[in-house]
Amino acid sequence: MTVKKISLEQILNALQAVSPTVHGPVEDVFADHIADPKKTTATTLDWVNSIKTNKQEIAEGTPAKVILADAEVVYSDAMKAAGKTLIIVPNPKMAFSLVANEFFVEKEEPGIHPTAVIHPEAEIGPDVYIGPYVHIGKAKIGKGTVISAYVRIYDKVTIGENCFFKEGAVIGGAGFGYEKDSQGNRFRFPQIGGVIIGNYVEVGGNTCIDRGALSDTVIGDHTKIDNLCHISHNVDLGRNVMVIACSEISGSCVLGDDVWVGPNTSIRDHRKVGAGALLGMGSVVVKDVPADEVWTGNPAKLLNR
Amino acid sequence: MTVKKISLEQILNALQAVSPTVHGPVEDVFADHIADPKKTTATTLDWVNSIKTNKQEIAEGTPAKVILADAEVVYSDAMKAAGKTLIIVPNPKMAFSLVANEFFVEKEEPGIHPTAVIHPEAEIGPDVYIGPYVHIGKAKIGKGTVISAYVRIYDKVTIGENCFFKEGAVIGGAGFGYEKDSQGNRFRFPQIGGVIIGNYVEVGGNTCIDRGALSDTVIGDHTKIDNLCHISHNVDLGRNVMVIACSEISGSCVLGDDVWVGPNTSIRDHRKVGAGALLGMGSVVVKDVPADEVWTGNPAKLLNR
Amino acid sequence: MTVKKISLEQILNALQAVSPTVHGPVEDVFADHIADPKKTTATTLDWVNSIKTNKQEIAEGTPAKVILADAEVVYSDAMKAAGKTLIIVPNPKMAFSLVANEFFVEKEEPGIHPTAVIHPEAEIGPDVYIGPYVHIGKAKIGKGTVISAYVRIYDKVTIGENCFFKEGAVIGGAGFGYEKDSQGNRFRFPQIGGVIIGNYVEVGGNTCIDRGALSDTVIGDHTKIDNLCHISHNVDLGRNVMVIACSEISGSCVLGDDVWVGPNTSIRDHRKVGAGALLGMGSVVVKDVPADEVWTGNPAKLLNR
């Protein structure tokens, strides 16, 4: 990656929404990379995690000249003597993420790889990235969305803006619904619904989101789904839902906003999980879970509220 | 999708095997789509699920003119007045699936996508669909089978007729068997077997079925495997086995006909699961399971017979 | 596969490191295949598993002329009369694996498939196989490594020698780390680290190994990861670690050498698992696990030492 000098002014512009306060030098101040704490140098953009108990010590001890911290850190004589610039923000980790993602994380350039196979009636918004070997049906993809290699998007899938799909995700495949015939052999119930995905949704590598049977599978804005998850037909996920890796959400489940689904969790079909509930790692959820409760175990039970 | 008017005659032809009985009008009767109950119109092909307690009410209340129901629904005056046609069948959900799949579900047209990489000695039957970026070795694929994008089929894999493989499935990869050398490093035990898959088998997205070590991994007719499952080397699945998403079946397991493997289940290697057994969601099966028993939990135990 | 006659001399050469002892004929002795025990013939390379209780009986009963066994098997009159050649080695299963893999298992020929999309600055070592539709960024790949179809390797990934990647593996994708903004919406924490993979590492089909956030995810030499596993950002796996199918290892976990992770196990983030520990199938590991202990269950607890 070529070195990019990012000035204090650029950093502050990126943080406008959180009204940063600056202490120390403001002229010719810049950072040119982010780094692991062990590799921090004078030009690293550094930050002090609010959960630490020795925040002042970290801010004073870092070799970095530009530091994001919360208001419990004071601009000390030591920092002044070292010529440091301290930027006070409500949530330094979030502020760091904002600035780092804007300036120091490489992004895919918008464009469609020539190997992508795309239905002529697909509607692809502006500034979309479509990687090698992608296969897209008669779907809609909103502005700024990134579709990585080997992602399959079926007909009747609608994807919002600024979404991110990792490699191998399968969106809109036929759901796993069968009916026995008179010989006892199973025969697929028709699966003609679609998938509706909001804005700022992220979907992990090799994750599968099946389309609804007769209606749609729905994924709300800002919901993030990790690698190797299975979202069955007719599932309805709210906003800001987190589904951690290897989880399985069975058919027609409804999860409210801000639900946290721990790694390797399973949820039985038709269950409802209320907003803000947290399902611990490895939970096997067979009952409805009320809002804001923490459930865990196999079978999952209330741990606390 | 272009609208297709399907006549009562065509519907009844599709249902010949289950001897339907018709009440009400038979002339100029048709349906032109299927739909979610909330979106049912006069020309929806509708059906009444036999598990409902208010079947008569549903049959009378629907705006649809053509309705599939079981013999507990009677052709009432209200239905007559509304000009409805009632088709009595033993299993309306199955009858609906049959008709809907034949007329109202889009299927891949047979053909081989030009990007597929196929071994010159592979044997591909008639009416097979092979999607983009498929990679097939010296394998046999039976009539009418659908192979979706990014599916990998290795040498020594034999697939029957009318099977369906979703994107990213890996069939016949080397099994996970190792032996320690004198330095304690693991070295792969030879994996030279194949995979034999029956007819009407369905395999989900990103599911992996490893080949046998020295003999074959076997998947029986009509068995359905969901997304993101792992079927190890030398596993033998019977007929009509259902393996739900994110399940793991370890090496050399033998599952009888009609076994139901709930989501996110694991089965220890060399275990036998008798015909008709049901393994509940999240089961961790470390013992043999007798036929027709229901086991669940971690470790899985008998729930009932 | 064309038949290859492998002479006793070639077999003994392959076993030099374990100092084999030979009894019986040595002239014109050969094997030309390996096979399932049920299909053994006179020219099968056969072996007697040391865990069997009737080893002598197996060695005498097999129709094969060349047999690998441990020192508890004696070269009997019956074997002499049958003209058998008995090769005594410390670990017959390992010796069989060595010889069979060298002579009787088909390998990919080194080469790069023309459909692979590879960054011009990627460093690809000699004798590497890169299959169809592979997508490689600015990464390094060591000598003799096999990269199967649809594998995605991101920038900043370093892979050692003689590794093996099955189809659909995603190596170096962005980790699942988020921070809430002032509206409660999650925003990705920067993920700019890499992945460092040692020698003789094997990675299963559709398995995902995320890159570190600010530093690297590390996989030690000889570690084997099965199909459909998730290795999160900043995980550090030692040497000879075995991760069985469908397992989930959360962010920043550290696993020592020779740890065995049973199928469908989950490990909470930041946990340490000591060298030689064994995690049983379906374990949900929420605490640190000391070296050489066996833990199992949900939540996982000590079973024995």
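Order of writing sets the labels: A, B and C. Residues in every chain begin at 1.
The rule we apply is simple: contacts are C-beta pairs under 8 Å (C-beta built on N, C-alpha and C of every residue); 3 or more make two chains touch, one makes a residue touch a chain.
Chains and their UniProt names: A, B, C = UDP-3-O-(3-hydroxymyristoyl)glucosamine N-acyltransferase.
Just so it is clear, the structure is predicted and the values come from calculations on it, not from any experiment.
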item	value
Contact-graph separation of chain A and chain C, given in steps at minimum	1
Homomeric contact chain B-chain C: same or different residue positions, threshold half	different
Distance between the centres, which are taken as Cα means, of chain C and chain B, whole angstrom	32
Multi-chain contact residues (two or more partners), chain A	115, 133, 150, 168, 206, 228, 246, 264, 298
Chain C-facing residues of chain A, complex	17-18, 34-39, 90-91, 93-94, 96-98, 100-101, 104-106, 113, 115, 131-133, 148-150, 166-168, 200, 202, 204-206, 221-222, 224, 226-228, 239-240, 242, 244-246, 258, 263-264, 281-282, 297-298
Touch list for chain B against partner chain C, complex	115, 117, 133, 135, 150, 152, 155, 168, 170, 173-174, 176, 178-182, 184-193, 206, 208, 210, 214-215, 228-230, 232, 246-248, 250, 264, 266, 268, 284, 286, 298-299
